[in-house]
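Two complexes are shown next, each including subunit A; its partner changes from subunit B in the first to subunit C in the second.
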Partner chain A sequence: MKSLTLYLLSGPYTSQCTDIACELAQRALEKGYRVNLFLYIDGVHVPKKGQRTLKFPNVENRLKKLVPKGLSIKACVRCASARGYVEGEVPELETDTFPTTQYVEGASITEIYAFPAWIKESDKLISLGG
Partner chain B sequence: MRFIFLLTASLKSARAEACLKYVFSARMGGHQVAFYLAGDGVFCAIGKHPSSKLSDLLSNGGEIYARKEDLEARGLLSQVLAGVEIPSDFYDKLIEDVMEGADRVMSF
Partner chain C sequence: MVGSVVILVTSAPYGRENAYGGLYTAIASLDSDLRTVVVLTGDGVYSALRGQSGEKSLGYPTIGDLFHRIHPRAKIYAESSSLNERGLGKADLIEIVEPIEDRELLEVFVKYGEAIITY
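Presenting the complex of A and B:
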């Protein structure tokens, strides 16, 4: 199975980049590809729980529909920690995942090295935002 | 090689300027070029803008695709450069091309 990695650097609602990422993920999943979404810089805000949009599409709801279809979501620990998403003590040595209760189910906070690992295994990479 | 470029930034941005340089460089290097425009990137698809040399790209065999919904949202649908294609499902076409047709993908 071919795989696509999406690299998202912008937060939700500041530009169309998050919407574009979700659209690309949806189309790719529908076509049977494996899809990874790596969140960096303000992109780590994208999977936050409790988003309440007024009269425009809600990214959280979008992700909740894409994760069951196979979308894998990881956020950079340094970016997520800086923005208050990592809970508890952050160990000096980076491990695989870091604790948060603030993300939608299926999204995790990981070391940055997960991103090059995804690049290595993916057929194509599309970056958005930044 | 087949290059796919995706541009989501507006024409006067640093990202757009860099993207256009790569687009024309790839075409001059003899590669197939497919240029996808979405979000603010659709501003590149209008024929009146003097900075856009996309008509040259089209006359030299390049492919340009612009997303209809983004053109409409910006009131640009009637100004699209002749030769720019507007797919019925832009993202579906982009994914198909990226995953099955492209040798290289560059997004800006």
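Presenting the complex of A and C:
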């Protein structure tokens, strides 16, 4: 199975990058790719629960549809911690992820080393929001 | 599979988090045995200036210190034309950062640019 990693550095709504990432993820999943989404810098805001939009497409709802189709989502712990998403000092033993109750199901917080690991197993990397 | 990465820093340090993010990613990529090159272009060349003291003036980490966690495992280049446009030269840079001409830079992208990440 081919693998695509998307790397998102900007938050939702301030630009179209998150919507583009979701669209790319959806299309790649439909074509049978394994798709990873790594969130960095303000990208770590993307999977926050409780988003309410009046006019713009709701990113949270979109992620909730993509995760069951196979989208993997990880956020950098340094960036997520600085922005208040990490609720504990150490990673959980079983999953090696840092605790949070603020993200949609399927999104987790990890060391940045998860990103180069995904790069190495990917056929393509697309970076957005830099 | 992707085996090499170019970290392309286009933003000046301190005003945005991007340059830090690029250098931290470069360190993680090297630790993960990815062939990695750092290229500073546009306002990104300001990251390589000598004599920075982010801690004293802003309370931010001095970005130049991160270069010493990257070099000599990876090359760090500053695009010559970006330096020239800003009135900067090799003497203004941290000694481990190498100016690079556009033609040579193209070769770096061809050799290492299986993935190119812009910050």
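Brief remarks on what is shown
Simple rule for what comes next: the second predicted complex is superposed on the first by the 124 of 130 C-alpha atoms of A that agree within 3 Å, B and C clash if a C-alpha of one lies under 4 Å from a C-alpha of the other, contacts with A are read in each partner's own complex, and residues count from 1 in each chain.
By definition in this document, a residue touches a chain if its C-beta (ideal position, glycine included) is under 8 Å from a C-beta of that chain, and two chains touch if they have at least 3 such contacts.
Note that the coordinates shown come from a computational prediction; the quantities given were computed from them, not determined experimentally.
Under the clash rule set out above, the superposition-derived model of subunit A with subunit B and subunit C shows the two partners fitting side by side.
Once the two complexes are laid over each other on the shared chain, residue contacts for A:C17 go to subunit B alone; subunit C is not touched. Using the contact criterion defined above for the overlaid structures, shared-chain residue A:A28 touches subunit B, although it does not reach subunit C.
Of the two partner chains placed around the shared chain by superposition, subunit C is the only one that A:F115 touches, whereas subunit B remains out of contact. By the touch criterion defined above, A:R78 lies against subunit C but remains apart from subunit B after alignment on the C-alpha atoms of chain A.
Look at A:S127: by the touch rule set out above, it reaches both subunit B and subunit C.
When the two structures are aligned on the shared chain, A:L4 is found in touch with subunit B, with no touch to subunit C. Put simply, if you stand at the Cα centre of subunit A and look at the Cα centres of subunit B and subunit C, the angle between them is 60 degrees to the nearest 10. Contacts of A:Y40 after superposition: subunit C is touched, whereas subunit B is not reached.
Between subunit B and subunit C, the smallest C-alpha to C-alpha distance in the superposed model amounts to 6 Å. Shared interface residues of subunit A (contacting subunit B in one complex, subunit C in the other): 123-125, 127. If you check the complex, the residues on subunit B that touch subunit A are 6, 8, 38-40, 70, 89, 91-92, 94-96, 98-99, 102, 105, 107. Looking at the complex, you find that subunit A touches subunit B at residues 2, 4, 15-17, 20, 23-24, 26-28, 31, 33, 123-128. By the touch criterion given at the top, residues 1-3, 5, 10, 17-18, 21, 24-25, 28-29, 31-32, 34, 115-119 of subunit C touch subunit A in their complex. Put simply, subunit A touches subunit C in their complex at residues 7, 9, 40-42, 78-79, 112-113, 115-117, 119-125, 127, 130.
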